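Scrolling down, you'll hit the structures one after another.
What follows is a pair of complexes built around subunit A, which joins subunit B in one and subunit C in the other.
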Partner chain A sequence: MNPPSAPARKQRKPLRAYLQPAFVYALLLLGVVLVVLPLMWAGAASFTPNHKVFEFAYPFSWRALFPVDFTLEAYENLFARGFGRAVGNTFFLAIATVILGGGANALAGFAFGRFEFRGKNFLFLAVIMLTFMVPVDLTAIPRYILVNTFGWINTWQGLLIPGLANSLVIFLFRQFFAEIPQELIDAARVDGASWLRVLISIILPISKPVLVAASLLMFISQWNAFFWPLLVAPRKELRVVQVEISLAIGQYGTIWNELLAGSMIAAIVPILLVIPFQRYYVQAITGTGLD
Partner chain B sequence: MAVLAQKKPTTIFEKLADETWRRKFLRNVLIPWLFIAPLLIIHIFVVAIPAVQGVYMSMTDWGGINPNVNFIGLENYHKLLFEDHSFGKSLNNNINWMLFFLTVPFILALFCATMLSQIKRGGMIYRSILFIPYVLASVVTTTIWKNLLNPKDGILATTARALGIEGFEVAFLGRTDTALISIAFIDNWHFWGFLMILFLASMQSIPPVLYDAAKIDGANRWEEFRHVTLPGIRPIVLFMFMMVAIWSFLAFDYIWLITQGGPGGASEVIATQLYKNAFQRFEAGYAAAQGVVISIFAGFIILVFVMLRRRGWDI
Partner chain C sequence: MQKKAALLLVLLLLLAAAPGLAQDVTTLTWLTLDWPVDAIIEEFEARNPDIKIEAEQIGFNDLFAQIQVRLGAGSAVPDVIAVDVPLVSGYAFRNWLLPLDPVFTGDEVEDWLPAAVNAGSYEGTLYAAPISTSTQLLFYNKACFDRAGLMPPGADDRLTWEEIAEIAQAMTFDDDGDGTPDVWGFIWEQMVRIYQLQALPESLGGAAIGDDGLEVDGVINSEEWIEAYTYYYNMFNVWNAAPQGEEFWPADIFETGNICMFVGGPWNIPRFANNADLQIEWGVSRHPYFADGEPATPTGSWHIGVNANTENVEAATRFVHFISTGEGAELWWRKGSGDFPAQQSVLALFATEQEFDELPMSYMRTAADEATVNPRPRAVTVGFLEYEQILQNTFQDIRNGADVEESLNLAVQRISSEMAKYR
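After this line comes the complex of A and B, so read on.
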């Protein structure tokens, strides 16, 4: 961030002024290479016939970063085996989570942010802290049993509902709603609008940043969810992308190009979402009152 | 309105008849609870009830499938803390894991965020790329890295050889002395970008005036970092310290997906042990005791954090 600078002086910069940024860029580039190289290799391998996947990887040469004998074979085989179904399932699940979970979390965030009621702070702490503290696999067994007694094993409800409550998202909504000026709300209340109406037609329209961030968080966490879907819905028709990939490791352990093609599909969706919306994501997380 | 003169309504019928009371009741009780209700119902069924049941299970000898359940008090805990030597080993691995994650990603993230906050052009591109690994699923990341660290001439081994460095031709994930640190490396590859982004955003909210003042006082780069940047981002750094410490006791997915705790228990942590006890050895009661112990650790970390904050450490 630049402070407003004094009128530019005509002066030759010292050599150091050029070297320092160059050094910084070079160091950062190293970090970028460490991130990009593994992904490039995986991407290239997914477009390569299986018997050639490791041709240039071991020993490694730069040619491993580009497809050898470019082919869509891996992707075709993958989809022939029903991977498309898994992709569709995961999309459906993630979107449903954003809509239903977003609704429940926003309502709660609104109450926590704009109302004073007895037990509010205790409730807020209990909801947030409990989810932070308790390991997922401790509650997984009793939760599984509970879901089972509802008869929800291998159903959409069983997959969807446990993933709806999200502490971080409640946190984001509460923080954002608490900062909205009271006059806006009062004006609508005087006009006789109900609280639900106030939330929907006054508050939500000005809450774009937090809505984008919360949706992104929920979508990506559901898209990447793995252990719960594996546990609760192992049936073929309900499998999600991550489960399909992890099972493929066991079943078709040697078909690396397909495994990597699946991984590429699983990776590209969150990447494409996060690059344009990263700003909101960061804004929301750093704006949770930690600063 | 003769509010002052009015007698305060006492019985439920008087209250219901009183308009101000009704309005207050709506505003302070009914409406907020209605708004919270959907979330609360989900939370109770998904977290609260299972957590309570987990605590109860930890005091039984339940296996996980058979309907035979006997209450055995604290026997599981006794076995866990005094008889089961593998538990101590796992706990030790958790602590090593924590030490790794409280240092390596924080240093990397602080360093890179400082660098990124200085450059003027292309910052957004760098930032986006460095953030990518964080949004990748654990299944994806581990699939790729298991390949790269292939014992037979993986990328690391061959690159090192090409550069003339020896000692990298190692089955990193298959040896007891390197398994845990290799998994930590992979998890960190995925994680540190998240810290970096948070620190960077926090740095950018430090008023530039403070840097100008430091320059006038003749501060060098390090002093600037030490006395302006670090105090400015302290809240988020300390908060992430707490979160990372908690997560270190919950660590599970990367370890499970890469080695399942192997080889020979070298990368076993409490959560992988718990999973094995619950789903493979069918000792659900014993597994639950392990889960409760993890929760106690996490709760303890939160408590320390809250107390430091109360003490005025301004966290």
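After this line comes the complex of A and C, so read on.
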């Protein structure tokens, strides 16, 4: 019989086996601290009177991570000057973009993914891929001139329509649709289904990951939109969340607690949307080869 | 019976003519900052029932890009725009603004501060009417002076930059001994912006730009500039009396007691005066100057201009006239931006209004006077945006330890290459 201690000695892991995960966890913890601390400060500062925001933040002490003289004044002031309307406006725009833009981009993605037509590659590479790479700010002036010619300044259509076609979303749809087995489509066509019917009844029901990812992309890009809404619709009644938040930065100072309160609300909405749908999002993005 | 019929006929005719009799209402769009605009709009509309004003209000940081895109695109709206004064030349050069000379009488122009009229003009023509001006003061925390065993200056005293350097070092305290001060002696409110920093070389006799409004070689790398920004460099890097790093709003940190002195605008006076929880005892004195030089105080603020492509010239100029002269200008000061008025008649009200009789609001009287003595407007140049941005980067570099002469020479190269397109 072996002495009882022998197997135990055999199973004992070398010190390195303990140190390695400990080191990894320490690094991860440091990463978490670096990411979470500023957010904690921002959250705490949004519940602090404006003139006390820097009381413990400069020089920094741990007390800055908790509200000083807890107050809801920043949130109250924010909503008193129209933040609620801006949230409503942005929700409306983001949802309308998902529905209308989603439809238009899915149709374009379907055409590029499943059809053969003259100039297809040129259109895809030169128009879709190129606009995908050009920063939106670069095209602001010509877009503004166009929208101004239509008389759409300070209108909902000016805010909404130029943002519907999204080359990244078309690209996502195209990549996903191109992978779908031809047999499925052929079967539907043999049964007499129109192309639109094929898309709606056959393709879309099995495209949940790409639908979720595309919707999230469009929703979040519209939710975070700043420059275009500011340019095309500067009127108070049409302000969106990011534009409303920017007003906390004044010429002679910043209303920090309102800026941070607005940012907290603006951040929560995308976070709440991304967390439950993260799985689909990752699935769709990895499927495109973009990762 | 006949009489009744005639009366009825007259009534019917009047009803039919009614739409023609009603005044056509012109709607003006006014692109402006997030100021309280309701009072001025209400008063103007009451006096001009044929005009309706729609304010498009946006943040300070975003106004410039907005103007560039919209006016650059040749858009007819906005009709009226708020113009930051150093940009007047650039906008006028691009034909974005309507000349305003015929809109004002000689007396009205004379009532404006001369520096504001010059700054609102390009090649002798007025393109943007002044609605406010600005000045700078030294703000200080009295407790810092007590702790350092020094006497704080009076409101009408003017310290030299040399004195500021000594006091600032004496009032920088590293309480926890970690090598980084917890209380800093001094900072400029706009720590890397030419608006505030131009007063340094100007106090030594330096100019802001060449006579042609484009030349910077020999100007921004002159002896005066090198001496001025060596002082600036020393404050951050040698005397360690001012904090380096990211930009921040000194007033926020001044309120917590961690900054002892800063040069800043009079807008801080009501801010501190109205802060009931403010723990520190504070005071002001006049803008500092170099002992061997002369007092020079930053100035310049907001003007108002008319879009050259507007379809409502008459209505737009009527509004611009109202807000920049007489009762309209006074109303804009009282219930609008709250900035210092550019009209001497309105500035004079600081001396008589009871609101400014007692401390600390009486400091506004010091500021009102400072606005009229030694005001130095920013460079009048069509390339101000480029000039300002490049110098801002230069000051940031110097603040964080870059060699002064090298940095200024590099700025000369960069600005000269940008200005080439305007020659």
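By definition in this document, the second predicted complex is superposed on the first by the 267 of 291 C-alpha atoms of A that agree within 3 Å, B and C clash if a C-alpha of one lies under 4 Å from a C-alpha of the other, contacts with A are read in each partner's own complex, and residues count from 1 in each chain.
FYI, contacts are C-beta pairs under 8 Å (C-beta built on N, C-alpha and C of every residue); 3 or more make two chains touch, one makes a residue touch a chain.
These numbers come from a predicted model, not from an experiment.
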item: Joint occupancy of subunit A by subunit B and subunit C, clash or fit; value: clash
item: Which superposed partner A:Gly31 touches (first subunit B, second subunit C, both, neither); value: first
item: First, second, both or neither for A:Ala165, with subunit B first and subunit C second; value: first
item: First, second, both or neither for A:Leu78, with subunit B first and subunit C second; value: neither
item: Contacts of A:Ile141 with subunit B and subunit C, given as first, second, both or neither; value: both
item: Touched partner set for A:Trp256, first subunit B, second subunit C, both or neither; value: both
item: Touched partner set for A:Ser246, first subunit B, second subunit C, both or neither; value: both
item: Touched partner set for A:Pro21, first subunit B, second subunit C, both or neither; value: first
item: Subunit B or subunit C, by number of subunit A residues touched; value: B
item: Touching partner for A:Lys236 - first (subunit B), second (subunit C), both, neither; value: second
item: Which superposed partner A:Ile220 touches (first subunit B, second subunit C, both, neither); value: first
item: Among 76-84, 220-228 or 238-246 on subunit C, the segment whose C-alpha atoms clash with subunit B after superposition; value: 238-246
item: Touching both subunit B and subunit C, residues of subunit A; value: 58-59, 140-141, 145, 227, 246, 249, 256
item: Parts of subunit A lying in touch with subunit B, wherever the complex brings them together; value: 1-3, 21, 24-25, 27-28, 31-32, 34-39, 41-42, 57-60, 103-105, 107-108, 110-112, 115-118, 120, 123, 127, 129-143, 145-146, 161-162, 164-165, 170, 195, 220, 223-224, 226-227, 242, 245-246, 249, 256, 259-260, 263, 266-267, 270-271, 273-275, 278, 282-283, 285-286, 290-291
item: Touch list for subunit A against partner subunit C, complex; value: 49, 51-55, 58-59, 140-141, 144-145, 148, 153-154, 227, 230-231, 234-236, 243, 246-247, 249-254, 256
item: Of all residues in subunit C, those that touch subunit A in their complex; value: 31, 33-34, 54-62, 65-66, 69-70, 72-75, 77, 180, 182, 248-249, 251-253, 255-256, 258, 265, 267-268, 271, 275, 277-278
item: Touch list for subunit B against partner subunit A, complex; value: 27-29, 31-33, 35-36, 38-40, 42-43, 45-51, 53-54, 57, 64, 112, 115-120, 122, 126-133, 135-140, 143-145, 147-148, 150, 152-155, 158-159, 161-162, 189, 193, 197-198, 200-202, 204-205, 208-209, 211-212, 235-236, 239, 243, 246, 249-250, 252-253, 257, 271, 274-275, 278, 284, 287-288, 290-292, 294-295, 298-299, 302
